[in-house]
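Down below is the structure, laid out as structure tokens.
So that you can tell them apart, the chains are marked A, B, C, D, E and F in the order they are listed, and the count of residues begins at 1 in each.
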């Protein structure tokens, strides 16, 4: 399976006098609802090329409302995740969506951690091609390529704009940095470790 | 890409004293919520084998809450669609979900029709591998394999149980049959045609 | 019961500096929310005159957000349906709303078909004056006047803009037409029949 | 229009192994969802007979989920309101639903009051047969028959169980009574008046 | 506890090109969503000073979306309630939100009345410092200071704009007044009493 | 303000034949809905005593549906947070709720970090008594006591069961531990550091 590309095509939509573009995820109020008339555009083309030459070895390509205006008000989106060998989609959460993931190529070790009230319980599974797994809304989760070759997964999320918060990056790479006293006490390390971490380059793969 | 299989794995979940199983699609009230404790089960394995030897030449394999109990209250599900050459996923609607579809293999001609108030406008597109398309909630839509080989698509839907209504089947193959006078007037054909159609075998590929 | 008319009156509403007009059906964020100040207008008058001289013998008069701006964000609307003798409100769906119907005059044979997963089961009932029936969101349903005189029904729908998709019209009368190969295979007829049907005049009674 | 009756028919529904009965108003998770199998029952018959011989001169006949189990999870209900001459549906609110009302017979003076932040503004209108009016969720509203004959209206509400709170009855007729000091200060009357009012018979027409 | 003040600070938020400001309470579509860029503002300062010298002896200070733009789409708000001795927050409803209340200082007698269908049942409780009580959406409720000193409570509501309807004020102090015949029949008093009441000054403490 | 206690009182509720207990956060279907009849119980008493002698120096006392059954279906809850000097409520998220916080005593340095798409931007503010701040659903946030004395805050959350995920604890203290390779790569530290951290005692203050 070479030369995979990922062409995200928007809906070619006639212009309506849609004077408003908003609504919440639960229910649309029209067949569809886009702010911009885009009848000519053949779509948004995102060539993937396994661009996984980065610190974490994985790349997320979203197909959310920012890429596909026609998703507005419809409460769903997609993302493709490419992993090099040992590639990791590091621990993260989606503040506005549950994720359901299917493995297209390769073998992934995946997991999520429940909330404090449920004991910070870790659920993991090794997924092969065709396996499906669910990451409930807001819970910390990750995927690691444990095969010897590239891996590809497709994820669907229950929001037109689910958001992504990569934990380490948001905590140690925020702009500006969080007060080191907060992080030193939270992570049980001394301030030197926090300062060191806050100076690293934090790469967002999504 | 041979021997593709499709293993749907449920979450291996410890039993909680979850006394209720329900909630609506919009928002869960717990991390997750399943009625049945299923810690041992390795998952639900659905071997696909391109089982497209049927009247329409396509097969839909759902991964909804009926297959994955852990989806309960989380508002999302998946389906895999396999098409033989000229295979058709015939015109249908999902009464409780929007669909976002990505082509994994092959070439599909897809489309949906807007509601009466929007002019029964048909939007179509030919999709190749990696293309994404959206079918808004409740609208009639279809996918046709227009390539010379098998095609595979993955669809995500914005409900744990979106439902499927294959139009021709529900109209002409309901049990018991709809009064032929209704269908003759609606479809502008005479009652003989309706009677003929109601005697056909209506195959649901989903 | 002669000379029935149907006057839809909008709310006479003072102008607010309502800077936004949108919200989803579930919950409003204000007492009410309209984009246009319309304090003088006495209302929208829709004279019915039993205008059922059309191919299906029925007429639907909506009172949705397009007719009554004050319905915006409030998640409900009405429609009046007039039937001549043998008049039919042909099989259709509402993509964004459940319908509850009450018969005001006459006798109707009504029904809906469940989704594939529930067996495309047909539920029907003959309704007389005062009878109430429910058509769940997104399911195909119809009403036929089986009395010897005119019939009138009132329907409420669980959306400010539920939408209507008349099945035969959307399938055979879309603009532009659906590829005949799709319809021939879906309806188990040959392409000639499809071509014939696609050339008919498809009258939308709503 | 004599001898009007009001037959509320439930859906005759085959029993499913529906293990859960609940969901919120926004979205169902099945085609329909009832807890009780009721295949034999022909419906619930509520003969109206203009039973308006009561202190307020009006009677409300609900068709909510308590009367029609099939409404469960579908987010809508109906009510019929019969008014004798001068009959009043006294000021009340629906805590869980917006109401849209259509006059079937007679002439009604109707109104609602906005919330404090919107100035306790009163919006009123005299409605004749066929007129439609909207009462937004949670706002105090009323209907008065100002014609010389009986009047009939049909109301739809955006919940399967919208609830009714008749203001005077809830305030002065609660069980047990509210502390009179609360009501005396709130209504700017002395405690004797409150005591007098709390001893009256408070008739709920709904 | 003197000199208590109540400084409501808005989020200091960088301007986004947020082209839309709306959504419903259930679910946001962004991290946050404000129409106005307000990076400099230190917040909205509302000095409380126990300003309870008014007819009801209580003052409500809201922290809703009108005060804190950053609450937009987030489905929650706060209010502080100050009571002088014998101070009353008179019977009222919130049309768009449930209230959860905690007593910060003093002793309150609180209660709510259920809807007609639940028997207009009154639930009351005397709350001391630290006690928590819930007033379900749309139900009539009140709080009375039954201690000898000032009391303070904090209320959270399940909407960015829950609204407040003070019952006596909306009924007898609407602008313009409700037809006295409506109120005389509803409250079982004669028109003179209604006229007297409609001429009073109705003070909204919120 | 000494000897503050925090008595959480449940609603003393008569038993109904409430056959179902569930619904989602958006909308209740009854006035209230509890599974258990608890007419005698005076409430749940949670004495606080400033129990902040723990590693983070803060204690969270929830008043969610687990403590107050009457909150079921009502979409809101409270929590009290006590801080000793330098006490920290460490970085955490609520997977199912937005938080609005008001400072009751003392001075807090608070902040939240936006999602990757919004640049992992940190918003902070120093809050004094009476200040209000909002933490949008799902975003990482924290509060630190920067005064010289104890501090107290009250938080309201937009769910009956918002959940809490303390970031460091869920990441390094999950049961069983996350594969160290995942954490080493995600946090840019070597496996020894991860192993060290995974052996610490992770105290949940909530």
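The rule is short, and it goes like this: a residue touches a chain if its C-beta (ideal position, glycine included) is under 8 Å from a C-beta of that chain, and two chains touch if they have at least 3 such contacts.
These numbers were taken from a predicted model, which means no experiment stands behind them.
Taking only C-alpha atoms, you rotate chain D by 120 degrees to land it on chain F; that is to the nearest 5. The chain pair with more C-beta contacts between its two chains, of B-D and A-F, is A-F. Averaged C-alpha coordinates give centres for chain D and chain E that are 25 Å from one another.
Distance from the chain C centre to the chain E centre is 40 Å, each centre being the mean of its Cα atoms.
For the pair chain C and chain F, the distance between mean C-alpha positions equals 47 Å.
The set of chain A residues that touch two or more partner chains comprises 20-28, 30-31, 95-96, 115, 121, 136-137, 139, 163. Only residues 19-31, 73 of chain F touch chain D when the two sit together in their complex. Note for the complex: chain A touches chain B at residues 1, 4-9, 11-14, 25-26, 28, 30-32, 43, 48, 63, 68, 70-71, 74-78, 80, 97-100, 102, 104, 114-115, 118, 121, 123, 125, 127-134, 136-137, 139, 154, 156-158. Interface residues of chain D facing chain F in the complex, by the touch rule stated above, are 20-26, 35, 65, 95-96, 159-161, 163. Those residues of chain A that touch chain F in the shared complex are 26, 55-57, 66, 86, 88, 90-91, 93-96, 109, 111, 113, 115-117, 119-122, 124, 136-140, 142, 144, 163-179, 181-183, 185-189, 197, 200, 202, 204, 206.
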